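There's a structure below that I have some questions on.
The chains carry the letters A, B, C and D, assigned in the order they are written, with residues numbered from 1 in each.
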Amino acid sequence: MAGSTFGKQFKITTWGESHGAGVGVVIDGCPAGLSLSSEDIQLYLNRRKPGQSRFTTPRKEDDAVEILSGVFEGKTTGTPISLVVYNCNQKSKDYSEIAACYRPGHADYTFDAKYGFRDYRGGGRSSGRETIGRVAAGAVAAKILKELGINLTAYTKSIGDISISTLDLAEIANNALYMPDADAAAKASAYLDTCMQEHDSSGGVIECIIDGMPAGIGEPVFDKLDADLAKAIFSIGAVKGFEIGDGFLTSFAKGSENNDAFFYDENGNVCKKTNHAGGILGGMSDGAPIVLRAAVKPTPSIFKAQQTVNRSGENITLEIKGRHDPVIVPRAVVVVESMAALVLVDALMENMSSRLEHMIEFYNS
Amino acid sequence: MAGSTFGKQFKITTWGESHGAGVGVVIDGCPAGLSLSSEDIQLYLNRRKPGQSRFTTPRKEDDAVEILSGVFEGKTTGTPISLVVYNCNQKSKDYSEIAACYRPGHADYTFDAKYGFRDYRGGGRSSGRETIGRVAAGAVAAKILKELGINLTAYTKSIGDISISTLDLAEIANNALYMPDADAAAKASAYLDTCMQEHDSSGGVIECIIDGMPAGIGEPVFDKLDADLAKAIFSIGAVKGFEIGDGFLTSFAKGSENNDAFFYDENGNVCKKTNHAGGILGGMSDGAPIVLRAAVKPTPSIFKAQQTVNRSGENITLEIKGRHDPVIVPRAVVVVESMAALVLVDALMENMSSRLEHMIEFYNS
Amino acid sequence: MAGSTFGKQFKITTWGESHGAGVGVVIDGCPAGLSLSSEDIQLYLNRRKPGQSRFTTPRKEDDAVEILSGVFEGKTTGTPISLVVYNCNQKSKDYSEIAACYRPGHADYTFDAKYGFRDYRGGGRSSGRETIGRVAAGAVAAKILKELGINLTAYTKSIGDISISTLDLAEIANNALYMPDADAAAKASAYLDTCMQEHDSSGGVIECIIDGMPAGIGEPVFDKLDADLAKAIFSIGAVKGFEIGDGFLTSFAKGSENNDAFFYDENGNVCKKTNHAGGILGGMSDGAPIVLRAAVKPTPSIFKAQQTVNRSGENITLEIKGRHDPVIVPRAVVVVESMAALVLVDALMENMSSRLEHMIEFYNS
Amino acid sequence: MAGSTFGKQFKITTWGESHGAGVGVVIDGCPAGLSLSSEDIQLYLNRRKPGQSRFTTPRKEDDAVEILSGVFEGKTTGTPISLVVYNCNQKSKDYSEIAACYRPGHADYTFDAKYGFRDYRGGGRSSGRETIGRVAAGAVAAKILKELGINLTAYTKSIGDISISTLDLAEIANNALYMPDADAAAKASAYLDTCMQEHDSSGGVIECIIDGMPAGIGEPVFDKLDADLAKAIFSIGAVKGFEIGDGFLTSFAKGSENNDAFFYDENGNVCKKTNHAGGILGGMSDGAPIVLRAAVKPTPSIFKAQQTVNRSGENITLEIKGRHDPVIVPRAVVVVESMAALVLVDALMENMSSRLEHMIEFYNS
């Protein structure tokens, strides 16, 4: 049952329920010597916190992170980093209806089927608040990657059938939807307004690009870099699809179209003319940018009446009340980026012992 | 670097290169008491072995499996099951060209980048022959699932842009492409003939349906059942995309369309009117059939001339010779089914200790 | 570097430094449905907290535990249990001397050798306070074991060369040394008084007996029950030796003396006439009580002058000041018990899927 | 149940039963570029093979190892190394008596208790032949260590109450008991002759010294270097006790006696005047030789009549026939050395990513 730990070398364990005392994460295996402050982490958490726009719940949570261990005199010590965000906004509201029924599209029924009962307050462990631990840890991972010259950029690629047509990275932070295309963001906003008026919600797609990965990272068989990314991204609640590079389009392609031709650049480095592979060949990075995408389902909490069942054996009609985002995508952008960062740091650490000559150099010099 | 082991309770470790002495797998953690013979495993291996149709390499390999340990008097003992397939058809051909260059779409360059050199004969460890160990282990996992009333059915959903329009399971074994639609199979065969004439190859999509899973299997956070399936399927060489249920289509959907309504059936069981979720909610099975899909890229080995580089720093034109499948999909169908079976058995084993009352019942009765 | 996680199914991750904000543990994989309150845990923590007798540091710490997650309406939910003890008594004293030198018998030098620097305040991560997380988790594990009819009893077997000669379990809680022999406790107390007068410290031996384990628990090869216990107990800071059953005495024995004869008792159960094996055969429990022992070295912090080095390349004489226990053993008794409990719960959970017939029964009934 | 895999980075999985087709091991995670031949491995296997002296079973097994994968052109490739020793000497003898009863001191009863039945031929999976896989993998690990300047020397320290009084390493290979003291070896041989005449067996102690370990290797909390060594050595069938450095003697010592004083040597290296700690402080190597000891119980198979039970519910008298070593110790010497080597390589690989500055150096240079 132990499923709240992720990673092998850079290992994180998240804990906490939506309406418990708080949520948090322990990072075990962070290399010593990284400068780290709570501000570094807060910047990431702010990207997912609610109340930022009309498309996120008006719930006001500060989501202020505290570092409880593992940092001394401003640097990581190599020992576990414990990060906590206390829950401040747990209203003592009446959860008896949610407690008694299974909301469509939620994990209510499956939790009960597994454990016999559940913490039903605000989604409990399957609440989006669980991702706070992931993002806090991802901020640390991303900072390590930056020191190694590796940068991640995630953004909203589409909402409903409105997709970006430019990739203007500077625009991402300018709109509430984190889209790198101001036009598309405007159209998507209008579409979401309609969804909200209809008491409905929308899905979308998140894309993440990783620059600067050296070639040869990842393990060739089960622990392929793309397989680990797939698991990481698919472990985010609402994700229903994952792609690397051309993804599902490769199923329509011919080999002559899909293969990326190698060439030597002026510095004698191996490069590729195209990047259909999305930066990974045979489960290892090939030096080109890694490109991944996640399909995110529409928020299951909608205000339309829905057919469902209660725990007493009755078919019922449910009308969900309260405050819910009409789209999960924008707040999940930083979660995707965080999970990708965790996978990359882990793979880079693991890779250091892949050649005997490197071990000899490391220990005998 | 240890990346050839998969699973936690039902743990498999594959080994072997295309042109070494053989390929194999050790299954550690198989429950005791399962009737098992080499025939059980051979049936699965035969579904991926070459030489079955004009769309697979004419290479004749028997791929005959031997059980070296873990089975006594016809039953598994609970100790490791070692399975081996000796390589019989390693021609002592000249590999100097492949050794010297990096084939587009292959792992040649990334292997070299990681390890400094590679076993270049026939793709070495990144050869499709590595999947023999997966399928042999998958056959054992599938047999356990069958004892529990769980059945997996994988098939080719599309090749290029030719997709099935019926789901006639009886038809799957009738055509060389493992398509559950005779018409689509005929069209796809014609399309592949064209690809071969053009010295090219095609991608496609594999789908797998799992019936009979009880609800509540899988862990709610990182080790979600769909996340583990994503990793399992993405660890297969040519896979570039993965979906559960409606997958990428959910990104276009509204919540009211995508949510599956619950109801009680006549026996008082919780059921769903639709299955957009593909049988998994919050990372745990919901009792509906699990539906997953994998996008498979076109075979990278094509006979058209391609631009690439050699290890001596030169840009070259490569013309691959030899024998290669024009499409990976049909032989990968049983690999997808096998990887899914491995994930499910593992999750079912892990789940047994999720409630204290079950532990008390198990040990105190 | 990730070395702060222990266990496979019942997995714990500890965090925290002696003089940081606090210390804690996350338990991932605790079965759902266990009644659990902070009092259950506090009882265990109180057995290791300082200030209980003249043989423990007079430092006054309440070590009050808080449950931050994983418990709902008084029962564990199956999700991670986060436990924290805030540090209240971190005096802002001057650590410059300890920071600059390597104390003999401590981890100062090895921490620096590994990480390049360390949190030197009060021992940092290698402080005895790290065991608070272990004991908090051990309390939960022990409560599960009790529900299964399994009980652990740990006590001080010897201090210096004063060893118990009776095993009066009722006496354990009556003396500050946790010895099951009032006479031995009195003699050991006098001996410790002498050590303190000499500004010195003493080692000792802890023994733990586990009753009620069913037979067949543990895995036969690397994850033997005794091997996992060995690792668990040896991971406690000051432990330098570990034994099961007759332990090192078996090296002097003959097979005819050391073998335990089996017989059937009046109820038809397989029993053993003796228990030289200490309840484990071939790595699996044999139904007899499990008996283990740990040798604990003397407290390395002594007030006598000692030769050592500083970080500036000089040989120096060190006189440690402050407050230190003259013996580690009594406070480590509950740590040994906790680590043993963690191993047993894990093994019991893992064992549930060892037979196919049990899986079929579990899922098909 | 998956307990046949050991190690995290350098991960081995053993398989095979005494009287099955063979025994073997898969090494996953061996660094690429190590020169490796079957002779390297055979040298280690020869140290444990039977028929070497009158104190080992006269059974003649060649135990010839074959490398099936992972080595190309004489060097490891970084992919799994599969090693197999086929069983040549499985006599089709009558095992009905052993099948029906539980031998004292063996795992017969516990195997049945766990799995419901067992492969009873020659001990099945709990046979000493299982260690062939460990030794084969240990040979590879030891070769890596040698490249890093680290050497392991294991030997027999005592048999019964005859202990070595000198440490003449050159003598180890000169006597059948692997004792570094010719006198002690002669006395122990005479003692074993007596044991054999009495149809009995003897226990003993194995010691292993490791030179050349750099300081700072191992993880400070649960995965302490000594904790991992404890588990590794305790996972060997007949081991009942484990010590590091002064071990159980530290329980009698005072802090002033047990602490090792640090000093700077002429080259400015941190050294210790004594080595009571056995080369490990706070779970990390301190640069001094690592010294460990294992207590090995007497061979449980003795020819004296013994009381036991059969599977039909009867108390019986058992007289074991066949061929058995009167002492396990000499053949286990190389097993101890192998297990220690596996732990050290793993810890050295894991340690490479413990500092950010090392990662930056590795990837940015």
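Going forward, contacts are C-beta pairs under 8 Å (C-beta built on N, C-alpha and C of every residue); 3 or more make two chains touch, one makes a residue touch a chain.
Quick caveat, the model's predicted, so the values are computed rather than measured.
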Angle of rotation relating chain C to chain D [CA atoms, steps of 5 degrees]: 180
Most remote chain, CA-based centroid, reference being chain A: D
Between chain B and chain A, distance of the C-alpha-averaged centres to the nearest whole Å: 26
Separation of mean Cα positions, chain C and chain A [Å, integer]: 38
Length of the line joining the C-alpha centres of chain B and chain C, rounded to whole Å: 44
Numbers and ranges of chain C residues touching at least 2 other chains: 1-5, 8-9, 14, 29, 31-33, 78-79, 114-116, 125, 214, 220-221, 349-350, 353-355, 357
Residue numbers on chain D that touch chain B, as the complex places them: 1-5, 7-11, 13-17, 20-24, 26, 28-33, 66-70, 72, 75, 77-82, 84, 114-119, 124-125
Complex interface listing, chain B residues touching chain C: 8-9, 29, 31-34, 76, 78-79, 144, 147-149, 214, 220-221, 348-350, 352-360, 362-364
Chain B partner contacts - residues on chain A that touch it in the complex: 1-6, 14, 102, 104-107, 109-116, 125-126, 130, 158, 160-161, 195, 198, 200-205, 214-224, 226-235, 237, 240-264, 268, 270, 273, 277-278, 281-287, 295-302, 304, 306-309, 313-315, 350-351, 353-355, 357
